[in-house]
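Right, one structure below, let's go through it.
Order of writing sets the chain letters: A, B and C. Residues in each chain are counted from 1.
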Amino acid sequence: MIGLAAAGLLLFVLPLAGLIARAPWGQVGPELVASETASALGLSVLCSLTATAVALVLGIPLALVLSRTTGTARGVMRALTTLPMVLPPVVGGVALWLAFGRRGLIGAPLYQLLGIQIPFTTAAVVIAETFVAMPFLVIAVEGGLRAMDHRYEEAARALGASGWRVFARVTLPLLRPAIFSGAVLCWARALGEFGATITFAGNLPGRTQTVPLAVYVALETRPDGAIVLSLILLAVSLAILIGMRDRWLGSL
Amino acid sequence: MIRALILIALVALPACGSSANECSPQVSCYVKPKVTVFAAASLQPAFDKIAERLHFSATFNYAGTQTLTSQLTQGAQADVFASADTAHMTTLQHAGLIQDAPQVFAHNRLEIAVANGNPKAIHSLADLARGGLVVVLADPSVPAGQYTQQALAKAGVTVKPASLELQVTAVLNKVAVGEADAGIVYVSNVVTSGKVDGVAIPDSQNVIAAYPIATLKDAQNKGAATDFIGFVLSPDGQSILKAAGFESA
Amino acid sequence: MSLRAAIKTSRSGFALDVELAAGAGETVAVLGPNGAGKTTLLRALAGLIPLEGHVELDGQVLDDSATARHVPTEHRRVGLVFQDHVLFPHMTVLDNVAFGLRAQHKRDASKVATEWLARAGLAERAGAMPRELSGGQAQRVALLRTLATEPRLLLLDEPLSSLDVSVRAEVRRELSRQLSGFQGVRILVTHDPLEAMALADRLVVVEAGRIVQGGSPAEVTAKPRSRFVADLAGVNLLRGRGRGDHIELEGGAIVAAPEAGEGYVFAVIHPRAVALYLARPEGTPRNVWRGRAEDLDLQGERVRVRLSGAVPLVAEVTPSAVRDLHLAAGAEVWVAVKATEISVYRA
């Protein structure tokens, strides 16, 4: 058992060790101050955090509805929400086109009536990341809701609290651990998103080129730069994870 | 647990041993010759047709030339490499991975891909600089992107692209689905797509891409590799390439 | 203030069908074994589950399936006290008590909550988190949290059963004191007869989703109508057919009783009225059966002997009698009950 656990850990550690071992440390400084790196990094952080925020706003109510649905409707809704998890991200990108593109279901009227085109914009990156990452949040929150003791909500209602007050003062605080872990998973998935983003949002430095895309481009032309970029993304992810942990779980 | 692992090992080991088809004068083997070809994505329509005409089976790995180059330098196993530019072929030559001198088997030139019927009335590279147009180009890290930069420089045009795609086929796609108004692609892309119209770029501004092909040094089926290259260069192979929008070598 | 309710509800093979009425200031204990539907009844009264029937509090219709009227829980002004306190774990004691006041947009919610805590002697625990409280304190806070909202109907679901025996008496006293100052209707659900007797003015016995008996504690225990009530009253309950001067039990055994009457009847025999002999007794007792001691249980100064035979009974004898009779599990004895010690009433 311990041997298998060690093998599992090794699977995570070895590629990381490879990155660190092969890192051209002399290039970290110049790469860090390069304007392309800064813009890709800034865009990655901005888009992944925005996507997580959107996922929180839309995903928590979705998880609530899901946890209170039963029977076939629940099965269907559940399958729909988890679909992006099993869908190859590139397929997700194509699907987003067909919905939000200039000729898409929603995109066509948006473009024709308002002149708004979503693909190739930073908003498209956020949409793609939300699409791919939100299921992680929904699943985590729904799990938390199902495991929750609903008598707290009943007690609150009996004390005269309206539905909204019960949700804000009782349900949400009790769900905090589930929301936190869901948000972290969601954010991590959004940060690493590549396939749906490149398909739906394209690749333009400063507007839609997030770090994973920049790494991919760099990999072809200057592999050392790609490794440095990867390490920077890794470091930023760790810093944000640790920072959020203290803020969110500090009192638990 | 341990018993299960041993069992798996016992079942798996003989299978491993027998899977190596080692042909030698003592051991005759009737395996049909096979060739593994790493080919630039733009070659897919033509090479798929060529595969139908071969008397042996061919496996293709189509991707951007730069991706294939990375894969090969990382040790990917292949018999033939067909590149969309000479630069990447040269990279592999310098890395000592190429057997003989590469041969150019086709040329391709750039064209502006627009929606069927050209609703935005785009007639030249200069038109791409117009405001309000969504133009998608190939990223300079891929050959088509390099050529595009050269062509735009020759024409003295500055384009603000909406996206720099990592594959020339992605540029084509974005025009085909109507997300982009125009994109710069290969003539062969336009010919085989059918979903877009092509706007020719005059020779003075155009860039002619040369497609070199070569056998790799550690090819496992060198005979088949030679046969494959031979067919590509033959009149039959050339006419297939021509039908797919390429210009002959 | 008064409550009138006729409730039918069924969920996963279990059906509840109960009619209940209670007046202001009255504590009604709903008593019954686990799974009898007591908690379901409370939840229905609180408006937490859909029901068929009618619930009316102070003349206001809270539920009426005929007119599809349903007042949601938060507008009912019912207080619900759970078995285990269910205090909000992320709020201080003070915020827990003030929660309902704030929900009702009362002014000075914190001040009022502080006063409630002070009156209960819990002022110094105001800043504590629920997990820092003892079980007894937590349940007292839970009660205060509910009372602070001044409900019209107080629903208590086994409020003492999760507490240690050592603190139960203390919390029961406090509960009793708080209830006496409460003006509304109180419904107490419990499976503990002691709790019911100590706190209730009236008992309603529920078994398998139906009311089997109701009345004052004395009335209910004097004339049990179910094995559950007989057990908690500590008496033997027999059911059979009255035949004038005797009762015919279902197994065919005959029990002589002077006023057996006709039709189905219950017969109650106090364990102390059951006499045991080594040899068949001569003389007056008309009811003499063979019996076998199944087990013996020392309870205080008395020994309860469970007997099997044609008429299964529990006898209560002195320890010296056990010695004299050489009583042990498996011993064969003669069992005698005077006909006059048997009280009979219609089933």
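In this text, a residue touches a chain if its C-beta (ideal position, glycine included) is under 8 Å from a C-beta of that chain, and two chains touch if they have at least 3 such contacts.
Predicted, not measured: the structure shown is a model, and the values here were computed from it.
Student: Report the most central chain, judged by the distance from each chain's C-alpha mean to the global C-alpha mean.
Tutor: Answer by centroid distance: A.
Student: Measuring centre to centre with C-alpha atoms, which chain is farthest from chain C?
Tutor: Centroid comparison gives B as the farthest chain from chain C.
Student: What is the distance in Å between the mean C-alpha positions of chain A and chain B?
Tutor: Taking the average C-alpha coordinate of chain A and of chain B, the gap between them is 33 Å.
Student: When the C-alpha atoms of chain A and chain C are each averaged to a single point, how far apart are the two points in Å?
Tutor: One centre to the other, that is 54 Å.
Student: Could you work out how far the Cα centre of chain B sits from that of chain C, in whole Å?
Tutor: 83
Student: Given the complex with chain A, which residues does chain B contribute to the contact?
Tutor: Residue positions touching the partner: 1, 64, 66-67, 69-70, 134, 136, 139, 141-142, 161-166, 170, 174, 177-180.
Student: Looking at the complex, which residues from chain C come into contact with chain A?
Tutor: 43, 46, 48, 72-80, 82, 86, 88-90, 99-100, 103-104, 145-146, 149
Student: Help me check something: in the complex, which residues belonging to chain A touch chain B?
Tutor: 1, 97, 101-103, 117, 119-120, 198-199, 201-205, 208-209, 216-217, 219-221, 223
Student: If you look only at chain A, which of its residues touch chain C in the complex?
Tutor: Of all residues in chain A, those touching chain C are 149, 151-152, 154-163, 165-166, 169-170, 173-174, 176.
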